[in-house]
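In this document, chain identifiers A, B, C, D, E and F correspond to the written order of the chains, with residue numbering beginning at 1 in each.
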Amino acid sequence: MDVITFGESMVLFNPDAKGPLRYIHTFSKTLAGAESNVAIALARLGHDVGWFTKLGDDEFGRYIECFIRGEGVDISRIIKDETRSTGLLFKEHFAHVNPNVYYYRKNSAASSIAPSDLDYDYIKSAKILHVTGITPALSDRARETVMEAVDYAKAHGVKVSFDPNIRLKLWSIEEARPVILELCKKADILFPGIDEAEMLLGENEPEAIIKAFHEMGPDVIALKLGKKGCMVSNGKESHFVKGYTVQTMEDSIGAGDGFAAGFLSGLIKGNPIKTCGEYGNGVGAMATLVKGDVEGLPTFDQLLTFIHKKKHIDR
Amino acid sequence: MDVITFGESMVLFNPDAKGPLRYIHTFSKTLAGAESNVAIALARLGHDVGWFTKLGDDEFGRYIECFIRGEGVDISRIIKDETRSTGLLFKEHFAHVNPNVYYYRKNSAASSIAPSDLDYDYIKSAKILHVTGITPALSDRARETVMEAVDYAKAHGVKVSFDPNIRLKLWSIEEARPVILELCKKADILFPGIDEAEMLLGENEPEAIIKAFHEMGPDVIALKLGKKGCMVSNGKESHFVKGYTVQTMEDSIGAGDGFAAGFLSGLIKGNPIKTCGEYGNGVGAMATLVKGDVEGLPTFDQLLTFIHKKKHIDR
Amino acid sequence: MDVITFGESMVLFNPDAKGPLRYIHTFSKTLAGAESNVAIALARLGHDVGWFTKLGDDEFGRYIECFIRGEGVDISRIIKDETRSTGLLFKEHFAHVNPNVYYYRKNSAASSIAPSDLDYDYIKSAKILHVTGITPALSDRARETVMEAVDYAKAHGVKVSFDPNIRLKLWSIEEARPVILELCKKADILFPGIDEAEMLLGENEPEAIIKAFHEMGPDVIALKLGKKGCMVSNGKESHFVKGYTVQTMEDSIGAGDGFAAGFLSGLIKGNPIKTCGEYGNGVGAMATLVKGDVEGLPTFDQLLTFIHKKKHIDR
Amino acid sequence: MDVITFGESMVLFNPDAKGPLRYIHTFSKTLAGAESNVAIALARLGHDVGWFTKLGDDEFGRYIECFIRGEGVDISRIIKDETRSTGLLFKEHFAHVNPNVYYYRKNSAASSIAPSDLDYDYIKSAKILHVTGITPALSDRARETVMEAVDYAKAHGVKVSFDPNIRLKLWSIEEARPVILELCKKADILFPGIDEAEMLLGENEPEAIIKAFHEMGPDVIALKLGKKGCMVSNGKESHFVKGYTVQTMEDSIGAGDGFAAGFLSGLIKGNPIKTCGEYGNGVGAMATLVKGDVEGLPTFDQLLTFIHKKKHIDR
Amino acid sequence: MDVITFGESMVLFNPDAKGPLRYIHTFSKTLAGAESNVAIALARLGHDVGWFTKLGDDEFGRYIECFIRGEGVDISRIIKDETRSTGLLFKEHFAHVNPNVYYYRKNSAASSIAPSDLDYDYIKSAKILHVTGITPALSDRARETVMEAVDYAKAHGVKVSFDPNIRLKLWSIEEARPVILELCKKADILFPGIDEAEMLLGENEPEAIIKAFHEMGPDVIALKLGKKGCMVSNGKESHFVKGYTVQTMEDSIGAGDGFAAGFLSGLIKGNPIKTCGEYGNGVGAMATLVKGDVEGLPTFDQLLTFIHKKKHIDR
Amino acid sequence: MDVITFGESMVLFNPDAKGPLRYIHTFSKTLAGAESNVAIALARLGHDVGWFTKLGDDEFGRYIECFIRGEGVDISRIIKDETRSTGLLFKEHFAHVNPNVYYYRKNSAASSIAPSDLDYDYIKSAKILHVTGITPALSDRARETVMEAVDYAKAHGVKVSFDPNIRLKLWSIEEARPVILELCKKADILFPGIDEAEMLLGENEPEAIIKAFHEMGPDVIALKLGKKGCMVSNGKESHFVKGYTVQTMEDSIGAGDGFAAGFLSGLIKGNPIKTCGEYGNGVGAMATLVKGDVEGLPTFDQLLTFIHKKKHIDR
């Protein structure tokens, strides 16, 4: 396996029109989950990748299982929980503000994941273990599971990749900060967003942020700067990598997950860190061109074509 | 108020096709709730009726509120719970078996209803308080609330109407039996189904069932016999009332709630008990002629027309 | 009652795509009506409000009744007309011009409203009676009814609020002008649009318009200036109140009704006239952010949040 | 032209689900009209056929025009009325009773058709003029138009075909009877239903009905007996022709129009009257196999195949 | 006949959402075809116009037949091919690039059209024969058919109108160039696009392009310059005609066909060439305002209103 | 691998209503393919199963790939053909006859499969190779590929399972018979239908059919008798196994594929041949209870529950 990742994926119900949900008559079913987004993105780029979670023994769980397996991700380590349900998510869209989110994930199957659910040999088989800051926010046991997996990976030569993904709907910044910082310290590869960095470090200047994170431990840092692009550093060299401008953005959700996947793909293929940043920017931008988190994710060929074309145009 | 009732109503998501939910792409939003079905049925029959519950302070709660108020039911005693969500329900339809139901109602706002949520003066203002055996299955506090409301009603001259509505998805028959029987004893008007009576009493012969329930306390008993009709008794006289045959039944759900509303309407209007049974049979049958729990419920004029026509045809 | 209003609401059929209706296969049902928009907006802002009309004794009439009652508006004075139908409205959307409208409202139930349909005690119970210039365009009897209601209100200390709402599809400006001007004279609170003022007075300068209307009679004038905002005056002081800019306007219909409701709400709560103008601008702007006339209308808390945020941003 | 016919066609809005329209969210647009059904059926059977009406100068009128022209019917004599709208029709479906119909056709363009709208040379060019009893129910002028057209046809050697089509939603049987009987007398070919014959003649025995109608004038009578088939007579010979049984009937509307077209087609092709009855039965049965009035109408080859197969099976 | 044209029309399946087709669940059926677009546009402008093709003897062929006949185009010369299918087309839409197209038209009925399918008397009856460069790309026989029809028309005094319409999905520019140039030479009226002219002539300067094409043969040239408008020339005079700006373009497909129809309509009505260019620009612009190739096409009155309004605005 | 199979799967477009396709506006995308149905059924029953084909390098091919991989079938041997398209299929439903099918599969990628596309080691790794009589009907090369694969399997100890699946839309019975009989002779396990047996052998008596097929070669024969069930034989013992009655059959397509999968699953698990027949009957019956070929397929637990319940009921 190139990359193994785990975390909660939920069934997402999207209203068929904008406005308050009370006036909406029909909803479309799809799926959402930061870690499975990364896994699907990596599979499409040509990597061997595994993702696991706990799912309810219900039709929503089976839907998630079939969809992600269909994308070519190894799901052999998924665990079914007969006593809990698969989590749900409803979106509510407006013309002028970000969508509202209504969660039905409290006590979901995924939130009950525990260290005993980990297949240690499986983790050991990966080059990289990727985790996010969403999982430790789900429950105490989920937090322990992340820590345990990360510690085991580090102890067995598996690189740890970490995307803070701070979700203030799940915990307060006060609750989140110590946990996230602990994971930042354990990580080898770190994907902070500029806003997250400010929340964690009280610092908003890219170079200073990268310096601070390096001091904590990570060798490789890819600081996401939104539409501007990213700043990447491996301790020896650092680069600002300009983002690719896209005229019409359909859906910004999934861009960060696409960035992480593109960057990791570059690393695994042994590219210079600047190229990794370009891959991250490219996958992130392409993810926004289609509605849905994963529908717009490119194959490696499509990524190269996009980057080439964009460079040509922007010149 | 002629009747006051309370209990949980949920947003119901109906798949747009038959088969396992994992293969379904779109869902339609509507609502479900035994007590609000009774309330809407009574309102349509021309009665002053109030219904209340606890709702999440969310769009699903506001949907339930607007829909039921729109039907002419007094909802002024609804309570909003800012810390809990409104409950949900997904159905899964098959050609050959009853629909599956997936609940997302654990720890819902309605399940947290407590005696302190009761407006005692409001209850006192009613001629009849109608409760079901669903509410005590939701939580300990919900069970206490039902008991408290029933006791208060009895103490203040408000008749208590009780529909056992045993839901084995929410509790086992062992858990349910003592609670349901306690409520049967407190009730003035009782709406058992024949299957429920057998589960509660180990008895399946209508006359014997009616005798047994009368001995527990209720003055008026309407024993539902499914398509066959009902047996009604007020202790002095008892009648078997034949059900109205309908060729094409669209949706059997809501038939029992319609029966209770039709019967109660007859009682309130001072009809002989046999007529009450006919009204119950009529509203129950008409509810099954349209998909959805409440869409087929009749006005009083429509009910009389239906009964008249059916009697004419069946002769 | 804080406000009572009346007028025609119709069932609106919206095509599911843009372009000539002959090529459209499916239509969605919703409802339209200037006065019921104002009533719903006021109810959502927390006021006691009543609205009535004449409806056909048909399913379209029952739909309007349920929807508006669901929004918390008192509809107890609605009258059913067994001999006439509820009016209909079809929209036809294009990318480059305003939507076409096809009316099926000639001889509708609402157009037959007559003075004898008025519940005078009900009108007397209100602080404000709100009418529009649409109703007198429907029929002679409807015009008489508006005049009668307005005269009765004035005679019994109920303030009269009037929105000219000149609809050139229903009558010519020559037919409309004398009727509208007569109602302007009778009004205490007046909501002219700048274009309407020019049609009525031949004047397009805000200060001059306000002066001219004050001379006719109204104490309070809120002149709507579209996206620019409004000019408000109570005879003693007058203010230009800048409109709130919204980036993406989904649907401009209902903005004027929202404005009137926001302004009236401010008045009823005893605010200075400038604040009333801000409330009007705010509700009007928020109505445009969601498709549909009433779906985007705010609660009072949502209105204050919006205004606060906008002021902050615009600084 | 083999056949010319005229009458009102309306845009039909079909709810996308069963139940009271107030609960229906979406409607599908199609078209309805007895005379245009006959015209389309004849065109599909291979005849030259013309149909005309008055349409509103609106998108609904243009829809009707394009649809019927698309089916190969000559519509060159359609008249546009700029002052009136095209008529509409809403259906409401239930599981247990016939659909309700809500008309918006009062004062429609078609109802204003007048004798001056007739193109006499066009009528003279036809072998058969087909009219129904719906048109005279629309307005006085429409009734005069039918009478005028029929008289002109008779005077110029064009055979008159008449389908009573008594619609009690448009006029009472008392109003209808003298007009319908007058048209029966003028007709050469008559298509009464058995129920209509009873309403008109107080007679329910097929032979007696046929005798009575022959005495009024018509040479050819095809008495429709519903699923049983028909009794046909040309004065010299008469036959009972058994109907074709179809297991699943999707939609019975349009069966009578299909019958008339099949029968007329047989006549025009010079078949014995019994064969005409078989063609009528066949087209009528096939029309019921598909939802919609015209979608199931056969080509002549399809009709022969169906009849052949049915005869084979029924033996 | 004013104009006769022929070529392949296909059933077009449009996905109901943007993104890769594998994620799309539902598709809407409509139709596509450059020559039938021109025919429909001319019919709507009031001309007698005929269009023909070969269609499969299947429901998709019957759909195309009914639709185009419904628009008032003479389709009497359509040929049915019992051994081949009607061609299909799937579109795939993205936010940032032109739609992908998936053809299922190889060996379609239309691609098998042969010189023996031509009705020479029909062609001779027209003032103008319009052909495009799509047909010769379909097959050798189709190419021969175009050549034969064009030669016959020229020999019998029918003007030949030619739109190169180079489709690189059907043939390479190397294959296309000699065929297209041969047709340019035979044409009387030519509708090249500026990009096509560059591909054919290696020239991108409008005056030079027009000169070069005149030298080949055509008397009348309308060079399409996209949004900028067109340059028109009849050899004696030439004009640059500015395009009409439209704010929101829904669908650019069909604009070129609309241009050709508008220009030809102007010619047929005997207008100066500059007016013809204005008509072409107008119809082309209006076609883009509605989704679909033909839905936005104007009547002659609508065209004049649009041009008048645009001139007024642009001044 | 327990079973390996190969053959064409197509994207299936289902009309959203019954009736001729020309009147249908929307279509839903799903997939169809006899061999992939068997593969999915076996995967759901818990087996390791591989399926392969040639797919176009297009979105329809990617859809098929993702869907079947999502179901847990190994698709690693799929081949992409950049020069051909993935095949399509349109259904047309009527109330009274079997659906029409319109194929767009001529020269599809799958029809071009050739012996050189076979991965011989992969085939050798299976216990059973399953093929059908559809593949040899697609092209000469496809027929050679089936023969080659079957011969290779037999030579390497892999059992050959064969379902004749005679499709008269693809070839005549005269063309089919010798090829199908040749494959019957090579097969170890044979799944003829009773009608197919009659077409192949001119014999309609089950025992005689089984005897005749055994004489050709196969050791195991499961003769499908439709709703009646099946007759199974392994040469030593033979049994008639009664089918499970289902009240409401949603969709009979896929029943035969389900039968084959159930039977093969029983064999692989080492069950007596009668039990294999029961499994076949069970999976076949369950497949018909849900619309779609694969949606109703059971897990092994669901199969046992169904069989147990049916046996209980039928007693």
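Throughout what follows, a residue touches a chain if its C-beta (ideal position, glycine included) is under 8 Å from a C-beta of that chain, and two chains touch if they have at least 3 such contacts.
If you want to know which protein each chain is, UniProt gives these names: A, B, C, D, E, F = Sugar kinase.
Just so it is clear, the structure is predicted and the values come from calculations on it, not from any experiment.
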Shortest contact path, subunit A to subunit F, counted in steps: 1
Reaching subunit E from subunit C through chains that touch each other, fewest steps: 1
Listed chain pair E-F, A-F or C-E that repeats interface A-C [over half of contact pairs the same by residue number]: C-E
More contacts between chains, A-E or B-C: A-E
Type of subunit E:subunit F copy interface by residue overlap (half), same or different: same
Chain centre separation (subunit B, subunit E; CA means) in Å: 65
For subunit A paired with subunit B, centre-to-centre distance based on mean C-alpha positions, whole Å: 46
Computed distance of Cα centres, subunit E from subunit D, in Å: 41
Of all residues in subunit F, the ones touching two or more other chains: 20, 25, 66
Of subunit E, residues touching subunit C in the complex: 246-250, 289-292, 295-296
Touching residues (chain side subunit A, partner subunit B) in the complex: 13, 16, 20-22, 24-29, 58-60, 62-63, 66, 85, 88, 92, 102, 104, 106-107
Of subunit D, residues touching subunit B in the complex: 17-20, 23, 94-96
Residues of subunit B defined as touching subunit C within the complex: 66-67, 69-72
